Amino acid sequence: MDSLAASDGVLRPAAPTAPPLLKVAELRRSFGAVRAVDGLDLEVEAGSITGMIGPNGCGKTTAVNCITGFDRGCSGSVELQGRSIARRQPEEIARGGVMRTFQAIRVFDGFSVLENAAMGRQCFDGLRLQHPILRTPRFRQVERETRARAEALLETVGLGAKKGELAGSLSYGQKKLLALAGILMSEPKIVILDEPVAGVNPTMVHEIAELLRRLNAAGTTFLIIEHNIEFVMALSDRVVVMDRGRRLASGTPAEIQQDERVLEAYLGGGDGGL
Amino acid sequence: MPPAMRSPKGLLLLLLAVLALAYPFASSSGYHLNVLTNALFFTVLAMSLNVIYGYAGLLSFAQVGFWGVGGYVGALTVTRLGGSVWDGMLAAGAVALLLAIAISAVSLRLSNHAFVIVSIAFTLLLQLLAQEWIDVTNGPMGIPGLPAPEIVLGPLYFAFDDRTSQYFLALAFAAATLAAIGLVLSSRVGRTLRMLKHDETLARSLGVRTTRWKVFAAGFAAVVAAMAGALYVFYLSIVDPTIFDVYYTQLMLVIVIVGGLGSFWPMIAAGFVLVVLPEVLRTSDEVRMIYYGVVLIAGVLFFPRGFAGLLAARRRRHSSGGRLGQPGSI
Amino acid sequence: MDPVFLGQLLLNGIVIGLIYGLIATGLTLQFGILHIVNFAHGEVLMVAMYAMAALLPLFGGDFFVAFAVLVVLASAVSLLAARGLLAALATGGDGGGIFEKSLLLTLGVSIVLVNGVQQLFTSNPQMATTSFGYGAFALGEIRLTYAHALASVVAVVTFGALFWFLLRTNAGRALRAVAQNREAALMIGLDPTRVARRAVAVSLVLSAVAGAVLVPIIVFQPTVGQTLLLKAFAVVVIGGMGNIGGAVAVALGLGVLESLVGGFADIVWQNAVAFVAMIAVLAMRPQGLFAAAIRKG
Amino acid sequence: MMKKTFGASFLAVVLAAGPAMAQEAVQIGVSAPLTGPVAHGGEHEMRGIRLAVEEINAKGGVLGKPIALTVEDNQCNPSVSVTVANKLIEDGVVAIIGAQCSSAVLAAMPVVQKAGVPLVSGIATSPSITEKAGIGGNPWVFRLNPSDRELAVADVNYLASLGSVKRVAIVAESTDYGRGGAEAFAKAAEAKGIEVVSTDFHPLGAADFTTILTRLGRSGAQAIALYQAPADRANFVRQKEALGVKAALTGKLNFAGEAHEKLLADGAFDQAVTAFPYAPEVDTPANKAFVAKLVAKYGETSQYESFAGYEEVYVLAAAIERAGTPDRAAVRAALTKTSYASMLGGTITFDDHDQAHNKAVISRVDGSKVTVVDVFSTN
């Protein structure tokens, strides 16, 4: 409860030092008697890769759903660059620059890979109804740019050769890459990845790690929720450990690996991460 | 259609256009023209349902309501307010747009399910109003004797008062409307609507303002249906409460589903086939509706995904190339 | 207010509500299990009415014998029809689109049945004579015709049997399990096709029962099912799609409300009750009055 | 590439659908509701029409040629009615009989006017058909049947002459037919000092009348005037009997058809009084012969629609014969000079608005027995 004074959910002026890009405080979500998220505090610095780990059922995915607005029953404060985005609709949060992938990966199976990649920009271009009807130069230009950018992104994630295929025909790991490309299309401020390498073969895990590193170097901020501790430790600048709905510890990967509470939580967690 | 302008598709389109324009001169049959004119109207009506149901995934029973509202607003604009048929069409579109925004904005805030319910209640309410608000709608008698559409441009005067000119008017209306819809649907707008249908959650995670898009789809579909309805009653020269008949809803649904939800050309083909089919069956007199039912059932059993499915199957067999040529892609 | 008038109106409303309930439960059962809308549901009722009218003279106008025979016949036919419908819905092998397929398919069946019956029996209004004649119970000044009383008793017994089936038998529990959570039901080893077949068969029999009890009350023609179906549809929507108890409760409420509106206002507005109720319910509880949760997406 | 196939086959089918009719016959078109909610009306009309055509053809047809019928279903829907009218005209019919439903007739009127094809209607009751037809309007449309206004006046006059009915209630379907009838009856009743205690409109196809009946049973009405479709009326009468509502029936009634015959036999129509365009009981040799023929052919007595269909054909055939040519304009001209001996007695001629004033029948029921009180001329 010591964090209560520090974050009472009230919007406050940015601290003199650069504020964290994303700041979550006192996040709570209960399902009946079960407190899935129980006063979580979390900061993600701009330009960083922040990892979030914790045993199964510790509330990581619930926390993501709260932050991104998909879960409407949460309380607590969520700030993006010092401005509250709590309780906004998920599409508004996404437009504000906080985008996420889903644990059970979702792409538009019936659309081509290229279309999927372009989806992220469907609505960010201020076109009105007359543009497509009249096929105005403006419209053509936007379509051209969208296509070019989508193709470039597919090259980046390594799906360039697959652009004409149906998204449904991709492998599981490729779909994860595609979902990431779709998100990057709209140049988000922060990307939240919910288990990006779960169920992916080791070679692909390595590729994804490389990709994330490259994207991060190019300026994308990531928050990665993952069971694969090795993956998180290797990739992250900072790691947050969650247990029973709250933050157990946070620090650099090296610090976390030394933390006794973390070890205890994982060992005592019973049905801990696979 | 830009994609159609290239290669065989464009040629086919040209051929269709020539056929459609030449038909009245090749055939002297006003009956056939009438059937074709009906097919044009119903195809536009069905396409409006396709926009909201086939693309945006919202099952709407309100389309027949907007079609009827269009008919009545159009008729009343002319008979009560002394406007022209074109004023009537514009008024119909405007009223339908407002109604569509009102009912969809309210119901979609709740759920898609709520939208379906409201759309049913909306149509039933309108039908009841048409029947019972006799001071305005003239009740079950309807408003007969509607004038033919006419063009007055200074000294230029032309009235669409015979079947051939009415056919051309319907053709122009249908071509313009279908082209506009086709252009919209094949752009990012269509893609976004189909996104909603396939996975609303994913769409939202990508920043799509889903409710707004649904309201947009509802409004767009309503305007098209209402304007078609307005023109249609002047073609019939009468509007009465049977314009809200379930018959039209069924016809629309059948066309859209047989054509394939969210398809474009196959749906237009379905529109023509399904309007012409009962007429062809007229030769068999009283049992024709039985045949119609049997054809429907057979269609479901043997072409479960509609004409679009048929086309897709052919395409899959004949080509292994890219899928960008899918309906709705750039 | 005149208590006799009010009493009569309430009684009328309850009887009509019970009949609505018989049709609506079948419809909602199909929706709950299969997520389909059956446009031909009213035609099942219509065919049952013609069958009942054909059976009655064979048994000297004895309603009960004819009714028993009809139920046996209907059960047999329903099992076959259910098998046929599910097989038809399963064609094409593409799991999605079952809703659309059901719309088209049942619409086709509906068209064929209406016009087929018209070809066979003409569209003359038919009236079947039963042993009840025009008799009625008199409760003071309130009257309840034998035919209406019978319909009510049959409806109540049918609902009782239905709830016993759903709550107390394994087959019924399986049905509820599938309706509530298809995936979970699959996981505990229920065969959804079998369950669906049962659900469709039961709902068809319900519709046939509704037709049978209507025979002594109304004259009928091939289109009789369509008007009744619209009401049943409203009941299903208001009650929460797929909720059987809800459908029964709403049917009763709608019957009574319609009767009161007809008694105290204009009869034409009776039909408005259903959709005004739809909108009102929507404003308060979009998932329907009795549904546990909205299934969205 | 499917589109090409669709387009081609579509056109082929449409073109093939144009029938190649025998040139020897005189083509008469019929537009009637053969499916949908009033299909029974269309069916009975067809019986009369077919019987008349058979008779005429047996006697050598018209102009020495047989009559050939082209029958189309208009579903009682205005838009289908337009399609049907167009199709019949394209098929080259000399004239069209139909379309039974008022709104279907009204929708078809401009079509036949434009094409110049006579339309003979014997059933539709809307007054606007008369207003629009004939002088100053559409000269191609002819109506044989008396309007409901005329019937209501006769009905009320007879009721008033009985002296026992002072208070009536009106129950009518909410359609042009029901509303028109109710209005006409109320006006006639007012003129005769009979009080209308209530007027109820119900949707077409209503099955349950217990609510209305409950109210009427307590309203003190001595008679209930009905303007309903036969199925609704049968339901109403059956439930009235079961609920024991004591009031005589009047308005526009007939007792034809299986359901009504049963109700009549059961005494449910006891004390009913009605003015109707037709009654099979009318005691003229022509009508007796007609009823016998119909019973022999269909096993059912004649209904109003059958009678109307029969006379429609005879009136039209006579006009074609007089015209001496199957030319549409000539037939129209000949129709205006119609002078036809109706089966009900009297002679049919058309007035300025092409409205014929056929006779109508006042009947009363005592127990289960229908008595024709009067066959009167309308004007």
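Every chain is named by a letter (A, B, C and D) in the order it is written, and numbering of its residues begins at 1.
Methods note: a contact is a pair of C-beta atoms (placed from the backbone, for glycine too) under 8 Å apart; a residue touches a chain by one contact, two chains touch by 3 or more.
As the structure is a prediction and not an experimental result, all values here were calculated from the model.
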Where centres are the averaged C-alpha coordinates, which chain has the largest centre distance to chain A? D
Taking each chain's centre as the average of its Cα atoms, which chain lies closest to the overall Cα centroid? B
Chain centre separation in whole Å, for chain B relative to chain A (CA means): 42
When the centre of a chain is set as the mean of its C-alpha atoms, what distance in Å lies between chain B and chain D? 35
Chain A and chain C, separation of their C-alpha mean positions in angstrom: 50
By the touch definition above, chain B meets two or more other chains at residues 131-132, 199, 201, 286, 289
Among chain C residues, those touching two or more other chains are 114-115, 268, 271
For chain D, which residues are shared contacts with two or more other chains? 35, 174, 203
Those chain pairs that satisfy the touch definition: A-B, B-C, B-D, C-D
Sites on chain C touched by chain D in the complex: 2, 4-5, 8-9, 12, 15-16, 114-115, 118, 122-127, 129, 133-136, 143, 145-148, 214, 217-224, 227-228, 258-259, 262-263, 266-268, 270-271
Which chain A residues qualify as touching chain B in the complex? 68, 70, 89-92, 94-95, 99-102, 106-112, 114-115, 118-120, 122-125, 127, 129, 131-133, 135, 139, 143, 146-147, 163-166, 182-183, 186
Can you name the residues of chain B that touch chain D in the complex? 8, 12, 15-16, 19, 27, 29-36, 38, 131-132, 134, 139-142, 144-145, 161-163, 232, 236-238, 240, 242-243, 245, 247, 265-266, 269, 272-273, 276, 279-280, 282-283, 285-286, 288-289, 307, 310-311, 314
How about chain B: which of its residues touch chain A in the complex? 2, 180, 183-184, 186-189, 191-192, 194-195, 198-199, 201-210, 213, 220, 321-324, 326, 329-330
Touching residues of chain B toward chain C in the complex: what are they? 107, 110-114, 117-118, 120-121, 124-125, 128, 131-132, 199-201, 246, 250, 253-254, 257-258, 261, 286-287, 289-290, 292-297, 299-302, 304-305, 309
